[in-house]
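One chain, chain A, links the two complexes that follow: it is found with chain B in the first and with chain C in the second.
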Partner chain A sequence: MPSTIIQDINQHNFHEVLKPTPFHPRVDHDCLTKNWMDWNGYLTARTYDTLAAEYFAIRSSCSVMDLTPMGKYRINGPDANKFLNRLVTRDVSMLRPQRVSYVVMCNDEGKVLDDATIFHLNEGDYRLCCQHHQLDWLMISSLGMDVSIKEETHDIAALAVQGPTSASALKLAGIDEIGQLKPYDILHTQLHGFEVMVSRTGYTGDLGYELWTSPDNALSMWDAIFEVKQKGFYDIRTIGLSALEMVRIEAGFILPGDDFNTAETAIRADRVRSPYEVGLGWVVNLDKPNFTGKRALLDEKKKPIKRRLLRLEVSGNKAPQDSFLYAGKGGKRIGTIMTQIWSPILKANLAMADVEFAGGSQPSEIWAEIYYQKELEWRVSWAKGKVWNKPFWSHPRRSASPPDSY
Partner chain B sequence: MSSYDTIIIGAGHNGMVCACYLARRGQKVLLLEAANEIGGLAAKREFFPEFQVSVAHSISHFSAKVAKELNLESHGFINPSCSLPTVGLNRNGEHVVLAHDEGGAASLSGVSEKDLASFKNYQTLMYRYAAMLKPFWGTVLPRIGVSGISKAMTYAKLGLKLRLLGKSDMREFMRIAMLPARDLMDEYFDNDLLKALLSWDALIGSKMAPRSPNGPVVSLLYRMGGDFEGAHYLPENGIESLIYSLRSVAEASGVETRTNFPVEKILIQRNESGLKVEGVTMPDGEIITATRVVSSADPHRTFIDLVGVENLEIQFANRIRRLRSEGYVAKLHLALHGEPKFNGLAGPEGRMIIAPTMDTIEFAYDDAKYGEFSRQPVMEVIVPTRYQSELAPPGKHVISAHVMYVPKMLKSKWSVDAREEIKNKTIDLLAQYSPGLKNLIAHAEFLTPEDIESNFRVTGGNWHHADHVIDQMFMMRPTYEAAQYSTPVPGLFLCGAGCHPGGDLMGAAGHNAAHEILKS
Partner chain C sequence: MNQYDAIVIGAGHNGLTNAAYLAKAGLEVLVVEKNDYIGGAAVSRELHEGWIYSSCSYVCSMMRQAIHRDLNLTKHGLILVPYLGNVAFGDNGETLVGYTDEEANYNALRKISPHDADAMFRLHADLARYAQLIRKTLLRTPPDPTSFRPRDVNELLWFAKQFWGLGEKELYEYIRFFTMSAADYLEDYLENDLIKATMASAGIIGTALGVYSPGSAYILLHHVMGDVDGNIGAWGLARGGMGAISQSLAGALQESGGEIRLNAGVRKILVKKQKAVGVVLENGDELYANIVVSNLDAKRTFTQCMDEDDLPPGIFKKAKNFKIRGSSGKVNIALSGLPKFNGVPNNRYVNRGGQAFVGSLETMERAYDDWKHGCWSKDPFIESVIPSAWDPTVAPPGKHWMSNFVQYCPAELADGPWTPEKRNTFGQIIVDKIERYSPGFRELIVHMEVRTPHEIEAEVGLTEGNIFQGELTIDQLLFNRPFPGYAQYRMPVKNMYMCGSSTHPGGGVSSACGANAAREILMDLRLGNTVPDDDFYDE
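Entry: the complex of A and B
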């Protein structure tokens, strides 16, 4: 059975170090800091003007972020469902058309390669979105299956529109049916005469949507949204990856590659992580007859867990950046802070922490050793950590349906 | 619907050996063969009216343990008193002949005194190494990383055997085990014909030539573990006597055999408790159930075609796909009106190798590995009717030749014309050593690797199912997680040449698989 892999390499222009996205004229205009970074080879704004303003746009009004660099793969063909069910740990056989599912992909050893979202666009036609490039793994996975995989990262322009007023703003922009969308729903609709797909998905933990269209319509889609701002109805702000990092940690979402090494990039045997170890046990369905990594995960489940990625609130006002973690002040070293932010809304240091579980249980105390500077002089202090089993921050409007109108 | 303890897919010699062992231990065994005849590549077939031959035309190391335990001798598989001489053919009749007398003593003719002396040293050392490795071919090599005393002991024994060689021999073993055949031969010998002849058994059947690294010497030592220390032989009643004796033991042990029975799929139950083999399905939809299924088909056919990738994890399936199992050996069968005469030989005796130099082998390989016909093929020729006159009508003869290197993946694609071209080229070459041969030919059959693949259902037309190369041997054969005869699919086992220890007519894979199954 043939599998078809479509990747148009001619799209790469070797004169560009980083590729501008289809929104680049607008992004470049709005980006006052010119604080660019590389996301999957695209020129991406880290910040636009001030981080605090961008952050509060997500939490208090409406934010827009260019999502185009997200790895996007179109998957269809007779074996598409079989292919996906073997690829991810969750059971996607029941994923209905026009619905989205959050999934995780493991290798045979049950170690996480990446997390992803699967969009069931139409019957038998799927889009897989992930943080990192995964075409290699998808190709290997497709051998022996009658499935077509098309790299469409460059063919789909996408914006995340997130925040309390996002539904209201999008409605004013011309998406009348926005109120009907429940979390993880997909809507195919028209905006100013061109086709857009809207999904009620996001990475902020708040009410929010993602809009997908062809690159030709990218600027029109952008303008349709910002017209709402120009008319003075709602404030809408562009946000960069730094603000996103703050809200995703508040919302308790993990970031493969930052919070832990993905299995494909890890060189040292102890740097790989299973879904259980990164808190994704809830997306592992061991009742599924088989999937890649199942045998290893079944074995792992029988043994005490060795470590966990924890949501850790660290007391005090000093950023526990790259801090080592200890079982007590000056005690045994048990882990590391992987990523951390200062949360303006919670007024707290929040972190993702990789922590050893001796004997399978969570340490009773976790202390961070924090190095900080005072006028270029390094000092050290200790701060106690508090483990959050739930997201640090959540709001009922994330899942309210229909969404509240603000 | 009837139920069996074990269904074995494929009635080649390994499938039959495994069936015999399991049935003798009381299992209800069903042996399924897709072809009309049992025997796989060792099956005797009529390739021209009244002319018969089998693809496998000699034996170098059939397991003496299996022959003894299954009592094959009393069922008609009888070792000859003497092995076949190996003849390095020379166009002018100045051959190099390596022979063994009835006592097993080797004699070498056609080489200098210096080579003769080197050969003694070479042989002594190689036999020591072959003897050291011999016990491990018939042993299940444990999975790496699995603990347990008996498992650790297997590797401890291997280490001990190695250590018992003594410091200098052990060091030497470590040095030469991975050497390309060319380097080993150049170290010992001057005579080109001798070098080519001795490296032949390190290479045949795999995608390897004299300059290839990746463990050809290990492959040679594997073959040297036989009853005649690696010299090829023909059992008294021909190759088919191996198959018939196994059939006879299988029948006596209660194995039910069905030929013309191609398995469509291995039936796998999928539910919340995982996967479990339930039996097999036939093309007409018939289902035969069993507690376990043991496949002697090659790993690719077993996993990719019969199990299906949806039942396998991604990396495992990919490793099976990446197995090097592309065949490079074709088979020439000639039906002759009379006995062929070879320059300088009294009769067409023994295993005649046409490979004047190691460079000839190397160049033949170079062409083939890029998908071309070899400018000058190399081959191994036997006249089986010399030993078994009933394979042809009285006074008539058969030539059987393994021809290297003939690529499975021919760049210009296989066609009737392409087959004719290489067939004629091969016959032309053979006729240079046997003038008058062409006038004797009543019929010529040429089986390309592609023909072998389709006629015998062997992926790539590779007799070994997967090349004998160091990364596909021992506890890595065919790949980890399937190298101990059990597989990632509960209830599915392997017992074919694609498992440790490997291909050729040996029977150890079938024996080891049965041992492992009976233990579980």
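Entry: the complex of A and C
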């Protein structure tokens, strides 16, 4: 573990505030807007050209996103499974090799630190992918266990290839077995003579895959995919984090740190959230013998829920950005819009909203007070919210096996 | 069963929208369609193996997003994907590249005319001001200016308030704008002919007018007032073709219990004691309903589906003289590869947009002259798009489908009736013209379908193949559409309504006509309104 850290310091070029990913030469060439942003210390594109085009690449054709900055940790050793099963609230003791599971990590108080995916790469060898830096927490959690934990964020180059034609495009790129992958499956294969791992995973709620390889092969992997476009087969487009934000809200995925304060960064006591409060009760298994946060969650389960992160469709066409939420027009304030987008596919304002549940029940009405601007003049309007219990967008092709060709 | 609450004639997008809202209000609704497929002019069919042709309409920008959302059309398969750019071809080989991105567009215009690049901001602000006003009226029933009913008076006051809100100077400008030609209007702003011609082309589409004909400026507005996700003037494709719009509306209709009957052309609308009571189908079947709604154009409805004796005096003549002249054709082409065009940058915006073969203002006016003389244009204006460049569902991988809207093409030729040979000659003119800008184009052609007004009328039923179900000139707009006194979707015979593009706000695949008509019908039946307000209502 310490050797990894030293290596990273040597790799870091202090002339650059943000670290380029292994795909940077291609990303930089493709990014016409030069609209950069920071993601976990990396230089990442917010948009490449036009947000609408990137968004529709995901929903209508095929999109490619540089996923390298996502926190990646390699976990193996005799206690690896035991360690992971204690780390997360879901029961992952039976997670088979070449399978992936979506999980959530809590602290001792049962408050959410992060959500994550566990990739069971090969028997006893795991990769944990998180939104935020978690090495510190992983080390603390591993005390007394015979387990090796190594950060490999910089050692693995990854691309998300998502959209209705992603399976067809990847097949043409040379991954013949792509059709065999069911959702959450992992495939180890060769592409143009180098090793890649392909998982049928993603953050878009659509058909999609994630491709993982060593940084040395990053550009070859990129080129293999875009060669399919150059040959004229499919429209394949690079997408930035803005387009991803749109589709992940449509798909109902939460974003720790944006939709709620993560437990390890919260300074004020009322900012932390339990899995139940962020809608992740379905990944909490209280029957599991023990896991971090279990006792607190058992207690919390007995009491009425105080608040929930809700999927809220807000009527009209005005963006409820940072809006306060009320029980009625001008009524009692009951919450806040955390993140929101205009959904070009559903023609609606969609939001993640933090809402108080007085007496443990969902408010019967939720209204947003929206401030919006017309030609530099601010106006205010009210719009009613509608709570969605299911994701705003889900398409059968996300789980169809074998995958659709478009 | 042969008794319904309402029968809607024609399963085009407005008929289906109308029926969906009636069904949503609890009515038993039947849509009768003469073809063995639905869609009318918003239709997509596999006309060559592996290729899905949108034979008629090919672009979508006016579809009311409030209806899209309200009828949950996404769930029923509708996805609208925007254009990113376009390219216009001039006579002398020069090209004008346009982008939906404002900055990129400015830089592209500057290459041709720095003056026009700057003037475009003023032009767009003025057009946006006019368009904003009209856009607010789309999902509203036009008031009857001769009526003293409180609703009409209130609505007239609302209109007056919107117009007076422009200010005196702008009001004069606006009235002037309504009567001007597109070319003259643009003269006030622009100097470059190709830029003017490109903008003016929007003023003639679907209309038997030239770029110098008075009234064409308004039509220009009609084509720039649509929007995709709030981007005013943006255009989009329906994924899977324009038929996806009709299919999704049919899905919404059927979900509410509505019924569609195919191969059921209407011979006559049954009228008893000055009340519409049902329809007689081509096969002689009689179907009865409390309400009959025609989604056919006004001319066809009254002159072909009704007895003159059933109508009040004057209506038959008004319908006969309804201005619905055929002026355009359509050439649909399956291609074995993506054509390359001279002088067009190979970039990700332009590759995902339309091609407009405009030539120049003069070329377009000459093209109109040919039409006036009863002949198709020898050097026509063509507006094209290759949807397969960004819709993976309409052609096999690596292959392409190209839609070419052609103007002008008359419904009746001076030298006798249309024949297959004449149609082919017309088609070859289009191929020849594209070949001039895209050498090698001809070799890419796998299959081709040529549609003159004759074919469009025969298949879809639009009189003279007019894409708007009646021209969008000021004499046929708002409370004059289709005829003065009948603009509120109620027809001269009781219990009979119209819901097609012959009614306000006209053509353009907006679903607004069908929705507005449904609102009026539900009001007459004293049922709760199921039609939503437009999103732009309060801006």
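Everything that follows uses one rule, which is that the second predicted complex is superposed on the first by the 397 of 406 C-alpha atoms of A that agree within 3 Å, B and C clash if a C-alpha of one lies under 4 Å from a C-alpha of the other, contacts with A are read in each partner's own complex, and residues count from 1 in each chain.
Methods note: a contact is a pair of C-beta atoms (placed from the backbone, for glycine too) under 8 Å apart; a residue touches a chain by one contact, two chains touch by 3 or more.
Predicted model only: the values in this text are computed from it and were never measured.
On the superposed chain A, the positions of chain B and chain C stay apart, so the two partners fit side by side.
By the document's definition of touching, of the two partners only chain C reaches A:S381; chain B does not. In the superposed pair of complexes, A:P289 makes contact with chain B only, with no contact to chain C. Touching more residues of chain A than its counterpart among chain B and chain C is C.
Of the two partner chains, chain C is the only one that A:P344 touches; chain B does not reach it. In the superposition on chain A, contact of A:K171 is made with neither chain B nor chain C. When the shared chain is aligned, chain B comes close enough to touch A:L87, but chain C does not.
Across the overlaid complexes, the C-alpha centre of chain A sees chain B and chain C at an angle of 160°, to the nearest 10.
Within the superposed three-chain model, A:A53 lies in touch with chain C and out of touch with chain B [touch as defined at top]. By the touch criterion stated above, A:R271 is placed in contact with neither chain B nor chain C. Taking the two complexes aligned on chain A, the least Cα distance separating chain B from chain C is 41 Å. Counting contacts by the rule stated earlier, no residue of chain A appears in both its interface with chain B and its interface with chain C.
Every residue of chain C that touches chain A in the complex is listed here, in rising order: 65-66, 68-69, 74, 79-82, 84, 100-101, 228-231, 239, 337-338, 348-349, 352, 389-393, 397-398, 535-536, 538-539. By the touch criterion stated above, chain A contacts chain C in their complex at residues 49-50, 52-53, 56, 59-61, 164-165, 168, 172, 231-235, 237, 316-317, 342, 344-348, 374, 381, 393, 406. On chain A, the positions that touch chain B within their shared complex are 79, 82, 86-87, 107-108, 137, 140-141, 143-145, 287-295, 298. The part of chain B that touches chain A in the complex is made up of residues 270-272, 274-275, 304, 308-311, 313-318, 321, 488.
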